[in-house]
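Chains: A, B, C and D, in written order; residue numbering restarts at 1 for each.
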Amino acid sequence: MDTALSLQLVEASDILSKDIRDIVKILKKQAITHKNTIMMGRTHGVHAEPTTFGLKLAIWVEEMKRNQHRLEEARKAIAVGKISGAVGTYATVTPEVEKIACAKLRLQPAPISSQIIQRDRHAQFVTTLAIIASSLEKFATEIRSLQKTETLEVEEPFEEGQTGSSAMPHKRNPELCERICGLSRLVRGHAVTAMENVALWHERDISHSSNERITLPDSCILLNYLFHLFKYIMKDLRVYPENMKRNLGVTKGLVFSQRVMIALIDKGLSRQQAYEIVQRNAMKAWQGRISFLDLLSKDAELKKHLSKKELEGIFDYNFFLRHVDEIFQRLKLG
Amino acid sequence: MDTALSLQLVEASDILSKDIRDIVKILKKQAITHKNTIMMGRTHGVHAEPTTFGLKLAIWVEEMKRNQHRLEEARKAIAVGKISGAVGTYATVTPEVEKIACAKLRLQPAPISSQIIQRDRHAQFVTTLAIIASSLEKFATEIRSLQKTETLEVEEPFEEGQTGSSAMPHKRNPELCERICGLSRLVRGHAVTAMENVALWHERDISHSSNERITLPDSCILLNYLFHLFKYIMKDLRVYPENMKRNLGVTKGLVFSQRVMIALIDKGLSRQQAYEIVQRNAMKAWQGRISFLDLLSKDAELKKHLSKKELEGIFDYNFFLRHVDEIFQRLKLG
Amino acid sequence: MDTALSLQLVEASDILSKDIRDIVKILKKQAITHKNTIMMGRTHGVHAEPTTFGLKLAIWVEEMKRNQHRLEEARKAIAVGKISGAVGTYATVTPEVEKIACAKLRLQPAPISSQIIQRDRHAQFVTTLAIIASSLEKFATEIRSLQKTETLEVEEPFEEGQTGSSAMPHKRNPELCERICGLSRLVRGHAVTAMENVALWHERDISHSSNERITLPDSCILLNYLFHLFKYIMKDLRVYPENMKRNLGVTKGLVFSQRVMIALIDKGLSRQQAYEIVQRNAMKAWQGRISFLDLLSKDAELKKHLSKKELEGIFDYNFFLRHVDEIFQRLKLG
Amino acid sequence: MDTALSLQLVEASDILSKDIRDIVKILKKQAITHKNTIMMGRTHGVHAEPTTFGLKLAIWVEEMKRNQHRLEEARKAIAVGKISGAVGTYATVTPEVEKIACAKLRLQPAPISSQIIQRDRHAQFVTTLAIIASSLEKFATEIRSLQKTETLEVEEPFEEGQTGSSAMPHKRNPELCERICGLSRLVRGHAVTAMENVALWHERDISHSSNERITLPDSCILLNYLFHLFKYIMKDLRVYPENMKRNLGVTKGLVFSQRVMIALIDKGLSRQQAYEIVQRNAMKAWQGRISFLDLLSKDAELKKHLSKKELEGIFDYNFFLRHVDEIFQRLKLG
């Protein structure tokens, strides 16, 4: 019966909502811990500009807060009961009965219903879970990417000796994160099913019921399980700041090329002149995997305009992070 | 650029929101007009108990009001801008600039961003449109069902002489409603795509962009078009109360069988005795397509307990509709 | 392990394939039985031209034969094994071992593999099941439509006394057909999940595995269950030729309007003259629910050109069915 | 009209089929070129065992050959015409006409049809395109992964000076591959829509038509565009064997740990003894990023059992690739 189903979904919502609050708490703590843990920011998978691991996590905090809000909205959408008879006319029981019963069950009486509560409500519920699962997939994909052997900036938690053989200590696989990604796809599939359930015939057809027996409990249980996995992962995530620093250096300081150019222009060079100096050294640095700073330090023309100290002052990752505190304050983090 | 995209989606939301308000207005008007237009309520496609066409429409009113609320939430989710640089650190412009620019554009600055605004927001937007499209599919499916030749309780509007040949005046096809159903499926497909866009890599990968150029404008334009069709249909929907009444009679009064039984029990018969009287006449009525009332009127045993007047009093469709006013008042309709 | 999974899917395919053969047999038998069971053909839900119930079923026979072929293709796609080591290089065992093992298991060795068998194969498998489930949904939707109280041309089987109360003998609901429709949506959702599994990382990531543990067995089991339901329904489907005939008459003979016009033209009237005669009587017939034949019989102008016998000869449903035998022969049916 | 649609889909199939043949040709050529281009094989994103870039591409060759076969099947499924009248009974034209017309159009006449060709055929067509697009997404995801700055084993083609600024020569983004991924999601969305089109009402409802006007041409055009992008990418893919070798060394030779252990056991040590030697050096190598071979060379206990030459003989990547030729021969590659 639809009212009983609503009760179950409300209860599931409350459990999932508690999970999200826990996750937000864990993510916040980690974000604060790693507020200044500098690492390379990547766009298209390619190095862009430095950021911090804390900033990355703060984005997740905010995303989960949005998901919290979505879940509350979805909960409201399905927290309705109905006892309005075979076609919604209260032919056998009065609206008064529905009102009293729903009050006892802490549900709102559906303002109007047919034999059932309308399925746009349940579609909102399942698509909401699917969006939340997609967020988790994003986080898990990030960890999987950062755990790639060449990158290895974080690892999902592992028990010592967890790997099949400690003779291959590098072979720690982000299997929990992969599991999150895989199951997220399943919840998205259920969202398709739930949306197809909206267009029932007349005062109800029962076609929705057969799939809801699977999609509704399974979506809730799956998300609860994904939350459980994700909490476990985030609580004890292994973070390797030294590897982050090593990776920052992979492009040999080229992230500072624009700043060098601006400094030269500030010193009076034309844009074209500044660009040529920077460009020839940048190409050399990249092709030869040589320190951009070293190359510039030896560039005769550049030396006329920038002192060694000035040049070194430019090569400061903290320049990119000077607004981190402000962002964290804005988010009331830390 | 993401901020420009947000502006477009906000604008689209406002247009769609206006459409929904118009639709709610049209549906309300029709609901009030047909508050007491009695018709058969159907579950599983089979006759259940009487309802009114106005009640059916009042359910749609409420569903569109929920959709209005969902759209407002989706609008809020995407009404954010960002000018936070290549990876979200404000490396080149300050948060202050973002704040001022967003204020001018009437957007909220995203509390935190990477190179982009996070795609859970856009996923919420498109799934919301897909749920709304699914509601429209439900309404359109209802009209298509009621327009079936055997039923013919409503017809979508048609110009006189619209049918290919007026030599086949019965051949008026609910093509606009069918179009709504078909395009609804397309928006649902886009919802799948939008949810897959959430899990982007690191500070952004651009994979979402190629499909968003299609799914985002197309979902908005499609929904706007569906609204346009639906408004046109609902404004001039042809309603045939006489056919509704004819169809009410198809089951020969069997919807009253339970009431007759209760009346007999009230008169002192055992449940078993009452059931037997009702059942034997019900079977005869159904198999022979004979008036249930006529059969009962001639049933010697029944006549001992119920007068003709009492019996006729039971066969009153209005019994089923005695709470319609209350429902409408509750919804502030009429 | 992937090879074990292939074995299970092959076994499932064989069971499902047997189900399809059974269904084709049942459908063929019913198609032959109802080859000449005349009924109204409907387009857009509106009466079009007469057809037979056997023709409808013959369409299903052919569709299931296509599904049989699709399933065979899907079976071939997943009937492969692999024992090629951690990344597909046979680092520990030789290709010879794989060949022997696969031969014993009656699988083809994958011509090349990574750690796994590529997931395009499994995506083909699940989308194939989803298409088959969609066909079943079509058939079930048809039965549900034909079982609507106003139409009542067929009913899914029911035990006597199956309905909640035999005091409402008309209330036989096509719940099995509705169940088929609902579960079909679930299999379609799994198809989305399966397609998302194709793009795994490098020599394998394990994200597919978590959802496959659900989608693969469940899709197979669901389809097997749908087949079971559908066989039960089709074996004992209640068919009501008399209701089909009654419904044929709902449009009062208007399906013959074009034939009358052509007959008048053959008699020497201009197209315009013929059209006017037909059209005025058609409108009257439709609006007044009067026999078109009766009206025409009394039309003074028409009587000048067509004898009563000629006119009656035109009103012959069999005209529409004169190619049924040929169609059945073509399909080797009966 | 359905027959015209079939003609268009057949034509599109032929174009797409030609594309696949071209792609197979390009992939084969690259596979042969890189048959022995050694690189690390990765599972879970983590280093597993060496493979070659050619093997990776050979997997793609086979996957595209499977896709070629799927497309041929899909083409057969939709290469049918029908001229069978309003409900499929040939009421106005004879089957003979259909036969002749279809022959002229090089289509098979549908063995039986309603007003339309059944939509399971079109669902197969679009899901086939969606599976092919998913394969392309897999390939594109692989290139994106291998182009990540830390890995940089391949890059999609770029014109010199293509990057925004040559002052950032490392910033070459795999945007075409990202585009392929994004558009692949769109085709998958259309597959959902196409499957929902199967369950039309009675002898046809026209709901499918509105979305097919978008999904059918767009799926074909999208796939053709994806093929175009992929051909361009694969023809001039930049491959960096030296980076592949560098990355092979990231785990300091730990991929050989199992071989060392086996060699020690062959020399008479117990499994436990061998394991301890390997394990303590493996941990040291991994934690200190020290050459595993160097550590073993200095291990006093190991030296008792394995000569330096024997040890060095074990550290040979070619061991993992000794079956590559056989695999290529099996595939008739090269």
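The working rule: contacts are C-beta pairs under 8 Å (C-beta built on N, C-alpha and C of every residue); 3 or more make two chains touch, one makes a residue touch a chain.
In this text, all values refer to a predicted model and were calculated from it rather than measured experimentally.
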item	value
Touching subunit A and also subunit B, the following chains	C, D
Chain pair with the higher count of C-beta pairs in contact (A-D, B-D)	A-D
Rounded Å distance, subunit B centre to subunit D centre (Cα mean)	43
Subunit C and subunit D: spacing of chain centres that average the CA atoms, whole Å	34
Rounded Å distance between subunit A and subunit D, as computed from the means of their C-alpha atoms	27
For subunit A, residues contacting two or more additional chains	42-45, 48, 144-145, 173, 175, 178, 181, 188, 191-192, 196, 201, 205-206
Subunit A to subunit C touching residues, read off their complex	144, 173, 175, 178-179, 181-183, 185-186, 188-193, 196-197, 201, 205-212, 214-215, 218
Touch list for subunit D against partner subunit A, complex	40, 42-48, 144-145, 147-151, 165-175, 178, 192, 196, 247, 250-251, 254-255, 257-258, 261, 275, 278-279, 282-283, 286-287
Contacting residues of subunit A [partner subunit B, same complex]	41-45, 48-51, 55-56, 58-59, 62-63, 66-67, 70, 73, 77, 85-91, 94-95, 111-115, 118, 120-121, 123-124, 127, 130-131, 134-135, 137-138, 141-142, 145, 181, 184, 188, 191-192, 195-196, 198-206, 319-321, 323-324, 326-327, 330-331
